[in-house]
Amino acid sequence: MSRTAIHDLADGMTLAQPFQAADKQLRVNRQGGKYILLKLSDRSGTIVGMMWNADETTFDTFDRGDYIHCTGRTQVHNGSLQVILTEIQRMDPAEVDQSDFDRFDANQADNNFTRLRELLATISQPALHALAQSYLNDDSFVQSFRQAAAAVSNHHAYPGGLLEHTVNMMELVRLISPRYAKVDTDLLLMGAFLHDLGKIDELRASGEISYTDRGQLVGHIVIGVQRLGEKIAETEASTGQKFSTGLRHQLEHLIVSHHGVLEYGSPKIPVTLEAVALHHIDNLDAKLASYSSIIDSDIAADGNWTNYTPSIGRKLWKGDS
Amino acid sequence: MSRTAIHDLADGMTLAQPFQAADKQLRVNRQGGKYILLKLSDRSGTIVGMMWNADETTFDTFDRGDYIHCTGRTQVHNGSLQVILTEIQRMDPAEVDQSDFDRFDANQADNNFTRLRELLATISQPALHALAQSYLNDDSFVQSFRQAAAAVSNHHAYPGGLLEHTVNMMELVRLISPRYAKVDTDLLLMGAFLHDLGKIDELRASGEISYTDRGQLVGHIVIGVQRLGEKIAETEASTGQKFSTGLRHQLEHLIVSHHGVLEYGSPKIPVTLEAVALHHIDNLDAKLASYSSIIDSDIAADGNWTNYTPSIGRKLWKGDS
Amino acid sequence: MSRTAIHDLADGMTLAQPFQAADKQLRVNRQGGKYILLKLSDRSGTIVGMMWNADETTFDTFDRGDYIHCTGRTQVHNGSLQVILTEIQRMDPAEVDQSDFDRFDANQADNNFTRLRELLATISQPALHALAQSYLNDDSFVQSFRQAAAAVSNHHAYPGGLLEHTVNMMELVRLISPRYAKVDTDLLLMGAFLHDLGKIDELRASGEISYTDRGQLVGHIVIGVQRLGEKIAETEASTGQKFSTGLRHQLEHLIVSHHGVLEYGSPKIPVTLEAVALHHIDNLDAKLASYSSIIDSDIAADGNWTNYTPSIGRKLWKGDS
Amino acid sequence: MSRTAIHDLADGMTLAQPFQAADKQLRVNRQGGKYILLKLSDRSGTIVGMMWNADETTFDTFDRGDYIHCTGRTQVHNGSLQVILTEIQRMDPAEVDQSDFDRFDANQADNNFTRLRELLATISQPALHALAQSYLNDDSFVQSFRQAAAAVSNHHAYPGGLLEHTVNMMELVRLISPRYAKVDTDLLLMGAFLHDLGKIDELRASGEISYTDRGQLVGHIVIGVQRLGEKIAETEASTGQKFSTGLRHQLEHLIVSHHGVLEYGSPKIPVTLEAVALHHIDNLDAKLASYSSIIDSDIAADGNWTNYTPSIGRKLWKGDS
Amino acid sequence: MSRTAIHDLADGMTLAQPFQAADKQLRVNRQGGKYILLKLSDRSGTIVGMMWNADETTFDTFDRGDYIHCTGRTQVHNGSLQVILTEIQRMDPAEVDQSDFDRFDANQADNNFTRLRELLATISQPALHALAQSYLNDDSFVQSFRQAAAAVSNHHAYPGGLLEHTVNMMELVRLISPRYAKVDTDLLLMGAFLHDLGKIDELRASGEISYTDRGQLVGHIVIGVQRLGEKIAETEASTGQKFSTGLRHQLEHLIVSHHGVLEYGSPKIPVTLEAVALHHIDNLDAKLASYSSIIDSDIAADGNWTNYTPSIGRKLWKGDS
Amino acid sequence: MSRTAIHDLADGMTLAQPFQAADKQLRVNRQGGKYILLKLSDRSGTIVGMMWNADETTFDTFDRGDYIHCTGRTQVHNGSLQVILTEIQRMDPAEVDQSDFDRFDANQADNNFTRLRELLATISQPALHALAQSYLNDDSFVQSFRQAAAAVSNHHAYPGGLLEHTVNMMELVRLISPRYAKVDTDLLLMGAFLHDLGKIDELRASGEISYTDRGQLVGHIVIGVQRLGEKIAETEASTGQKFSTGLRHQLEHLIVSHHGVLEYGSPKIPVTLEAVALHHIDNLDAKLASYSSIIDSDIAADGNWTNYTPSIGRKLWKGDS
């Protein structure tokens, strides 16, 4: 029987299908009755589930993270859709279709990674070329990079999102950079590749995306510089060549300054043309990606405008309906 | 005899060649002697000229704006190059090579305008196509647009600079826009064309670039909207078709919001994807153009850095010397 | 039987009287029961209404905007007053006293409009006088202006509020302007008249006050300049006289700069004495009007202070009780 | 022989008339020669004077503050007018016409003070009335108040300027306040009277206006509150009535909050309607006064605009010439 | 039977013990039933109490502020702990152990006050010494100071907190000041003592800490200066010596500028070394105290981080668990 | 013959003594005559020197950095003291007393370093203790650290200043930290030691203090983290123990966040108590040091105030003269 993705649920639908139990709580209402409050998830999103008059008997049959077969009906409460459950059955992972739950799109990641290799291969400056290979030859890095998200919320906030954003920016670099005579395309391309790699350690991409301790204490900009230091050391070891100090500082500057202003967490503002370009290209791709996704996921029923979105301080135009 | 452009003058050169007298003053020194202070210009820039022990006899032989044949010698004073003049002779305009003095590059403008026509021709939406033609069919507009500057100082601050910046942005739009599925390329291309047209009336491009009264009182953003209103009326008259109100508001929004934030003079922030894209593409081209020109014209002799430039709040890296 | 205005309702009152159904929703509670959630309005304000155990049978008998006869009882819930309804009957508009529901006060508007004519009549500068007449002779403009609100919330946020605020400011101009020798009273009076006229198209005054698409995309400042352009063209046509370009730019500047700083949406800051005066007089009237209305409508029961009001970042002193 | 005021001097004039020596220095030029550098003043302004080849013989014949008879000629140096002196003679104060040098206009102060008494007399609230009398009965206060300046530069920056600004504001209060029903005119009038009185101790009005130590360490806002405390004590003593604590706090609040926002040095923002009104009326009068005076004293020769004035961040429109 | 402090309550506990009724409301639920909503307090904190199906019969048996014996059970609702009450009995104050309810720790205050006397006794400058004694000899001041809080929320927000913070800062002054040669330790010590004394009148420390009218209208900085003026007058009377005007301005400056910047409510920024030191020492102690208390009272169950705290714009690290 | 230090020079002194030629230029005056412009330095400061009517004959006899014996006379020009030279003789370095020219005070550095060792020895946490030893055992680090400056201008801007500032802060930590129970003194002491070590590579301390390329591109915060990484690796190698990852992140956070807010270049704000304390202690010492030095070096002759200092936005009180 075909499953309806959470993203496609509507008011008043009857359901009998698997979900993942992202979170669960047993609560007591004002009259003293108990009920179960769930966060149900699949790859398309999450939804609140409520099971009234339920107690430990049901609550203890499954754990957070388990797949559960849910019977119930959707309804709108305070403007949000939720599922009122009448039955919950724990399922064996083997019983569910993993593709319904995995937010990571392996095909997309494969395509992006192939394109990443091609783009890095266009770098002709030998030291940068060798450095790029050190990253690509590091299986552990490749594995983490493919899965990493670019943000907790905001733009490209899903497993594989960092790779998607990185490749997007590198494509823009290849289109734009040759139009500006004084900009070094190889350097800018490498900057686009490196600029957010620290996010691999800043964010936990498995389960719900969240900050690691290291991410909160040190931040992806400094982590990115640390990782670059390790890879330069590996490159020197593998090539037997000292990596140019000046070039290293140029790369570090690209990472360090890419937020453009101190107020957004860059400890240095861009002072090279490549750093200026990188900041603006990053901004362009990040803004178009996040604004597009706000429009996509907007649930305001009527009219041409999204709901007011505090993080961007505005409503967006969705187009004449 | 070949003329040395102001841009190429160096300390200690002997000169006997034409300049334009951009400004002139007769001054008295502390000991009561008189001298002439000049601002000399050619297409490559301006320089201060001083003629000691000179009085009305010489001063009254030429007017501001005249071409003058100057004999003298360059020297550095307080860190700036100037010319110490020993003789000044007014010249007939017919005697000078106009190409030495005209900051407007007609060839470049022709090429840019040809490219502008091609880019506007790619617009397939009929109403936008017709509107673009109204602009192109207006000879007075075309004449002004070709000569207009994009700024008094800062980026593209020369006659023809507005056209250069506009075409540049339209090129970027054609490269970037197709990569974002929800962005309407025709609309964005039209936005890039329209966004700064109000500068034609905001700035005086003949002589030294400066603000008009209208420019200071009303500003290019509102002027651009006014001009658009006139052209839409012309388009309606020529096509016999009512221009869509919704589409008009979209275009007005692109002009009105292209500075991105209120603090920079946009009375509305971008709320359509095209307006968001336009703002960031404008920023990217303007910043790369102005930073490149700061590096080009920097005179700091030693080392890898430009002088500190207050308008951008930083020194720029010029590259390993 | 006399009707109690919403503004005068108190806890524990029994009601049987007409309201307008400003909004309606059918909801399902946690136990699966249905209930109706209403926004009831009259000219004095709005209040939430709840009808428990009600379903489509009742819900479908009336539409949003209909008048309904409501039986029920008021109660305080989470600190707000609401009405618990036991019966709802749709009414014919002829059955209700329109004066109970019309937030627009026609008498007040008549008085304000008479005063507006008198104030505009004091303008002696011929071109400004003729321009003012063009506005007054435009019946469609007059009709819209009388009904327009000055804001969605904040100051003068009711139908007729724009006229009220405009006349108020013009009165202040007549009192204050003659005290400053260099200020042109005619020009300043005209500026006070024109400064917010763009709000006629920015806001929808019928039903709940809200932004139009044009209002959100273009904004009342630019719309006001566009409207002025149309009226100047009409004036030129009716008088057969070219309107002075310099004077036109002065008027446009008054509209364009009246928010005083870029951060508040003025694309130009005030640079004429009249524009400086206009900004401060606008501020004075708007602030005193909105702060007075916050004090009037404050419901904090105890003491000398209003509740903290986030939009103004403070509590206000209500006076020693 | 009639004297030319400094304000009316022009380039190339021959002079033989008295000035006040506001400042004097004996300097050595690069060739080792000595010269005298003077700051000459009269009631219309100040100007630099230079006497070449002058030494102690001349320098020691007069002191700072003395009147001196100067023979010489005006000239423009680096864009500023100065006087090149050939002879200096110390004068007896009895020889000069004091009205040429006294920046304080006693007639104007008399008129303003008469009007001040009338305006304070309109206060009907008994305690405020009595308090006002305490100020008026204090001869030392009256004497200081008449002479005080409202600022070092900026608005009303001349002896008598504080009184002028205070009376101006009180006039505005009488015109504006009755239009706002909830505003207490007596209280607001008293606020306008009190708001800047601390400037009497903050600034030294004799000689060049400058900050006192107390002014720099404590500031006029806190000083104004201290002075009010003293006057309330005197009022209580003279009337034998306890001054209402609540009313006292209202008055203190008017002084304390009149700059409107913390960033401008008010330790509290306005929270009473009178304080809100006071802040905006102060702003209106101060801005119109200072902008008018910038236009009056502007020396830009050509065109419709003043020079760019950093303190207000703009050029001002001087009117179509 | 031993009482469990509110701070130590956990989910699912059965209770039968006294609380203070800090607040009480009788409410009606959606079904029309009545219930009592209470704010229960003891010295360790406050908690919400709910008594279902209770009406005036119970509600009227006690007043706000009374001690009540409560029977019931704790539960978590929406993430907060509350008490569901089944029985409420008003108690006589004599029946409760006052030490369970008194948030003021008299022993701690005694110790702090003793230390305050010792620290003030180290001041050797005679005028400052005498001034300090005037404060200490004022029993009414001493009484109020011991009980005062330093804030409504934020740091040292409890009765006795102002004394605690003041003594802490004076201890830091004695440790730090001698390391900076140009800093006058006596003056700085006196500044630390005086800087927040205005809070005695700004805040009501009895019952729930809240702002007084004077506090909101005038603020503790100005009040502190007023209090200082009174004490200087007393000191002059008792010693028969005029207090140095310069020294008085130094002390006033320390109070007036201690918030460091205008934006935080100081009408003057620090311009003496002692004022600079005072501001930074205040900041250091206040931040460490408030951040420590946020960590102490954080209830986030899992992991190393507190919840996000809006007032400080961050999560805090609680340490590796 | 005893030498007068630059700091002690006054107007009108005759000189014949050595200086170091920090900079030299040969210039041409308006009349075409040549002169030499020098920047003379010794350990107490720098001063401008002018030799009139001097040409290549003298100019070429010495190089920048050479010691020269100067004969001449001091004079005030435009408010600054300068030396008019009549004779210049190049000297052999052996002829001068090095202690007159060396801005680095070796004794002071020795004392500071001894104290640094003592303070680091108080750290009892084994891993931190071992890490501190790694720094102390690195001779190249020790050598650089002793000579490093803490700033180009501002606080501790001299060779040895970084060590001075570091030891000062560590002393404050030992005094203050034990007063706050939740603060880990070992960690905070280590943070004070590490926080600015990146300045060793950010600034060039030899000759005039200036930024290195690495300093401008990467900045001392990121460099400090890089250096820490190297030292942790050395410590692991020497102890054979893995350094705790959590502890490493704590140390990195102390470096990364010590500027306190993003706007001042910290890519992360302080989120641990130690980081909060470190930021405030750094601020306290830096401000008191720089303000004290502004007062010391102020040259305003008259009165109680320094000149207005733009970098701190204020005049400072120098004390009653």
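So that you can tell them apart, the chains are marked A, B, C, D, E and F in the order they are listed, and the count of residues begins at 1 in each.
FYI, a contact is a pair of C-beta atoms (placed from the backbone, for glycine too) under 8 Å apart; a residue touches a chain by one contact, two chains touch by 3 or more.
All figures in this text were calculated on a predicted structure; none of them were measured in a lab.
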What is the shortest path, in steps, from chain C to chain D when you may only step between chains that touch? 1
Chain-centre distance (mean CA atoms) for chain C and chain F, in whole Å, is 62
Per the centroid of Cα atoms for each chain, what is the distance between chain A and chain C, given in Å? 44
Tell me, which residues of chain E touch at least two other chains? 213, 216-217, 246, 271-272, 315, 317
Could you list each pair of chains that touch, in label order? A-B, A-C, A-E, A-F, B-C, B-D, B-F, C-D, C-E, D-E, D-F, E-F
Write out the stretch or stretches of chain A touching chain E in their complex. 27-28, 30-32, 213, 216-217
Complex interface listing, chain B residues touching chain F: 50, 52, 75-77, 84, 304-305, 315, 317
Which of the residues in chain F end up touching chain A in this complex? 213-214, 216-219, 221-222, 225-226, 229, 245-246, 249-250, 252-253, 256, 262-268, 271-272
Chain E-touching residues of chain F, taken from the complex the two chains share: 168, 171-172, 175-176, 179-183, 246, 269, 271-273, 276-277, 280-281, 283-284, 287-288, 291-292, 295, 313-317, 320
